[in-house]
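Please go over the structures that come below.
Okay, so chain A shows up in both of these, paired with chain B first and chain C after.
Let's turn to the complex of A and B:
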């Protein structure tokens, strides 16, 4: 039996409070040790001075950062029109792969082939093949723009992944939901649209958030076929100033966007796990 | 003529025969209870009647029309037969009233505004008027199951099937759901139940059927089946079930 002491805490509560204090102390000590080691050891490396000058040059950062930010708007633009297209195409492919009608058999085959191909090829390769290949057909302006075909490469690749996530979401809706909806006299189509999809989509929001974050980063791959987005812009500055600091600047810009987004996706994921319990 | 008539219904899952030649008549306004151990085929039989499962052989008649013809459009039949499940199966992303309005909106093609008065009346009739705007996870098990019944009734079914609808409920919530069944019976609904509530079946059913290994091996008025069972298997089951 636990006896409340003067403070009103039980034996168990006092024990756990002590454990927590101990854990916090250990964590703080080990963090301080690691930080101290980095701060003292890294500057002792032979190349430190040079690295500091060419990667962490404050003046260069201040000089180039506004231009980098400007270039980043191109990333945002490409992201902004690709993401909705990916969501729609991904969902359509997921639905195509789950159809049962014999008339739609070709669609099912196409959906399977599509996901196999675009998940099986490295993104950069798809960007090259589509981004250089299709304008190579000699299309007139503006149809030879790398923005269009580069975006298409991203859209195709990401749709393949997003479609698979949607499919797993559809599978995650318990079959009893479908039975209940059918028993009310709804058609298969109505059941999918009104009962299964809304739940499926909600179930995969955190996973799709992670795809969006990955997409945001992969937009930079388009720099290899032309668009001067933030990574390419940083490269231009590097050549111009013989200084790698602009790359660090670009990384900072990415982190400012992706870290909150990642935290938010993790939060959604944790909340979902809690709800499922 | 029986409202619902089953003749020689056979259902197999692979090598297992779950329903093995079932004959059953449910008259208009009658409440028939299927009893028997789990795995006896009660639930599967109900799912077959609602065409959620396809039967291998035999026939199911609704108002004299064979609804088990292969290739028949199941939607039309299902909208005439309501079904309530053990695990409620409410749609978690919709409020109670949206749950109840979905099928009438889609199948009967009515607007929310046109439906609202009759659906609200249903909720009121079953004491759920103050729960209409709640989501399923904000309701108790008993309330969820009553909403599931309202959802099925919203399609104005001619027959209602109940698949062990109190089995997932805490004992103190069973009563409110069984009361709904009594209310429906008094209003003349034709009902077929799979149930483990022996006391309820004894008091409320017009006919009780004891299923074992996919066959109805004894049936009759509850007074006879419970009071003077003819078969040794029935006696053994009741002895265990009524303990």
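Let's turn to the complex of A and C:
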């Protein structure tokens, strides 16, 4: 870092400051132009008035928003118990696929089949099949609740993804570390638990944040098998009022939650890149 | 004998009014000389039989052809398309002249789209799972059941305002999903319009039963089905005229008697 001399900034610093100002000005102008174009041109389209009435109806939003927020607590609830289960099951599957012993070959096969199946099937199909199928076997209440089996469908699907991410994290820890730890006299188990996993998990935290955000949105798929969460509640209002604004309200609620989470994931990833340099 | 006479009178009446109404609809449909009618995908029994509205079998299919005829469209000039509820109420141009899939007329919906005169008044009915068939048709007995309904129907506000169940209601996307939930014993009871409930209990869910209906005039907002049209549709007056003529001539009641089960055996809910 060069210190400013007695006469103020150096010529290079002045030049760079001017360049930055210029870039900021151009960015601001182009943003303002695009925003102005959207604000003036969209309302000039012939269908705007109808679209506005059907999607951006302020009265409908005010009327329905409190009920939507209430329904969102169901999303939060399902998310809250699914996420930890996904983390645990995902890690177990990753470890199962990472075993080395020949005797544990069936475990590796199971891990591979599990990820193949649940990554390969659309979430909504899994939700339907497990959410209606397993209770249909004749389970008594409350064990046939769509909350339980719907959550299980989410947990299985997301575990498959999360397991793959954990596995990439485990692979990212160099083999020499394992060898070094073994040569120090640690058992295989200790090596995995104390040397590999702490680094592996740290490495994949940003990627797992993205899975959390995706899960937060996919919780809504449980609405197909009964629970009245925010998406279904918005759908009920849409049908009764013949107005799509409640969907916009639901989208706002999702954004308020996911945008900060996305930014946080970006921040974690940027920090990780810095640390690796 | 008298039936034949009255029938021929009906036909004669239809023939004369058809010519008049044919002029009414001229130039007001999507395609000149054709009437495009939308139904559900799939269309459900007993409204449309075998998901084939072209056959004219089922209450709505038969009523649609009767209305078309009354408006001066021959049967082969009726074009069927499929639409979802959302497509019907989204802003913008529609791909149908009329949309007929048990749309309940509500003032809120009427602001966004046009409805014809009602062609059917549907009482709401309670369908219960095989395990709950002994439930008394009283509000107190119904309240303690675990309820389900199709989320896009007027059954939802009815449940909230009239039955007020003790536990949370579960809502589904369509009739088939309500079936699945009832078969999986996740719900005890579901609220449908009476013809749909009777069909589901007779054909779809073994052992289930329709234990009661709400008198259609008991609530301040009876469920009346109307044909849905684009807001401000020029066709509305022609459709209304056709439906009024069909009702006055008794033809609509005939179609109803032919395709919808006798609903008088279902007790009223106290």
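The rule is simple: the second predicted complex is superposed on the first by the 270 of 277 C-alpha atoms of A that agree within 3 Å, B and C clash if a C-alpha of one lies under 4 Å from a C-alpha of the other, contacts with A are read in each partner's own complex, and residues count from 1 in each chain.
The definition used in the following text is that contacts are C-beta pairs under 8 Å (C-beta built on N, C-alpha and C of every residue); 3 or more make two chains touch, one makes a residue touch a chain.
Predicted, not measured: the structure shown is a model, and the values here were computed from it.
When both complexes are superposed on chain A, chain B and chain C fit side by side without a clash.
Once the two complexes are overlaid on the shared chain, A:241 sits against chain C while remaining clear of chain B. Between chain B and chain C, it is C that contacts the larger number of residues in chain A. In the superposition on chain A, A:185 makes contact with chain B only, not with chain C.
In the superposition on chain A, A:202 contacts chain B only, with no contact to chain C. Of the two partner chains, chain C is the only one touched by A:135; chain B is not.
In the superposition on chain A, contact of A:148 is made with neither chain B nor chain C. With chain A used as the common frame, the shortest Cα distance separating chain B from chain C works out to 48 Å. Chain A makes touch with chain C in their complex at residues 47, 50-51, 53-55, 132, 135-136, 138-139, 141, 144-146, 223-228, 232, 235-236, 238-244. Of all residues in chain B, those touching chain A in their complex are 47, 50, 52, 74-76, 78-83, 85, 87, 89-93, 102-103, 106-107, 148, 151-152, 155. Chain C meets chain A in the complex at residues 85-86, 89-92, 106, 108-109, 111-113, 146, 148, 151-154, 156-157, 168-173, 177, 180-181, 183-187. Within the complex formed with chain B, the residues of chain A that make contact are 176-177, 179-187, 190, 194-195, 198-199, 202.
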